[in-house]
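Take a look at the following structure, please.
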């Protein structure tokens, strides 16, 4: 059982979708870390000038995933659903844009391949969370 | 001239909408600070149990505005516009939801009134930035 | 192999302490998530007014751990070591303060027990990273 | 009166040093924005490979200042002072390191000159806040 899951299991609101929340929060967190580390690795590459878009998207994706994780960790109470859905949709857009750019460099740079994977997994977890929200609890 | 504006004026990309970017980044930053401080003031109020939704929305809004400011500060280069537009739309949704909740407590708590104002200003600045993106430079 | 570790293994700088960095970044990230979720669970508890200090420390610890993870993920190049050491020392201070406060509520609230554990693990990982920095590579 | 100041004036704890807190939170926020924007401007410069250390320090400084602002905005209640003092000291270390690196490029790049100034102002505001904490209220 993940640490976040353990916290949610003892949350007084008994969140309707604790597993979707846990998977989403963990994936956002991992994607944020990975993009931060990939941006840093890109900065050390010899042909850094070919990686500028990748670095920018990594930094954007890291910032957006961190905010998403924080918002989703508070999504335990049935509340105003529209901003939460917008956040998840936005996060999917950044993760996919970053994955597409990282994939262009994946053959040359293993860190870009790993980051592309983390972005796609995060997009999937956000999409899963979106479906959970739209299903009856 | 604001500090961010001074940076953008010397940005090699000559961003198409430096004033809209500056206003938006500054408003996001101010809104994030204000919501963080309002959440903390709410935690000290005697009837804190009536302010729980306000605290949660303050924390969400602070996280989302911080990410938006960071993404918009990198919006200097004509790039993938769709994720940026999604982020601005999401930020408007959180700012409006937080402003509406804060407004409910504005008569009793001045910090909620001030936070509601900061949220509405931030929503306006994000909307202005969205229009700028959709206009020809 | 963790995702961050996979990125670091392909980092052009060949960081001197990839395992200490990975463990520290992962622990910061997990602690930040857990404290965010614990603060939210505390907000839903019936006697929330007895948990205000816990909520504040959770929020502080979440913010500081997120920044620490981001700084440590960039610690791959032998650089200015003094600010990095200060950041790790500060993170240990917040993690220990938050763990101590959470421990006071651990019998009643499982989420506080889980958060206290995550804080102590994060403090340990930061201490380990500090020792690595002080050892010859 | 700044927005944060207006919030603090209505904070139920009557914080002992509202002006030092306000100045510090505002300076952290401005420094974080400015460093984010400077890193992005550096990424667009023709000789980006000479600015890699500057970009890294900008990103570190942005992350640490954001966390510091958030922690200081919650420093309204006399609490555990040691972690707060550690955070302020760490923030000063990053601001000074970033200012020193930016200053090396200040003649060529105006954005680096502006960022160096914002860093030094933030270091001063953190130092001022530290002295306030050490004075009797």
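Structure notes:
Every chain is named by a letter (A, B, C and D) in the order it is written, and numbering of its residues begins at 1.
In the analysis below, a contact is a pair of C-beta atoms (placed from the backbone, for glycine too) under 8 Å apart; a residue touches a chain by one contact, two chains touch by 3 or more.
Please read all numbers here as calculations on a predicted model, not as lab measurements.
Of all chains, the one whose CA centroid is most distant from that of chain D is A.
Simply put, of A-D and C-D, more C-beta pairs touch at C-D. For the pair chain C and chain D, the distance between mean C-alpha positions equals 21 Å. Put simply, the C-alpha centre of chain A and that of chain D have 27 angstrom between them. Annotation for chain B: residues touching 2 or more other chains are 40, 44, 56, 59, 66, 70, 74, 77.
Touching chain A in their complex are the following residues of chain C: 3-4, 6-13, 25-26, 29-30, 32-34, 36-38, 40-41, 44-46, 62, 66, 69-70, 73-74, 76-77, 109-111, 114-115, 117-118. Chain D meets chain A in the complex at residues 39-40, 43-44, 48-49, 52, 55-56, 59.
Residue ranges on chain D touching chain C, taken from their complex, read 53, 56-57, 59-60, 63-64, 66-67, 70-71, 74, 77, 79-80, 82-83, 86-87, 89-90, 93-94, 97.
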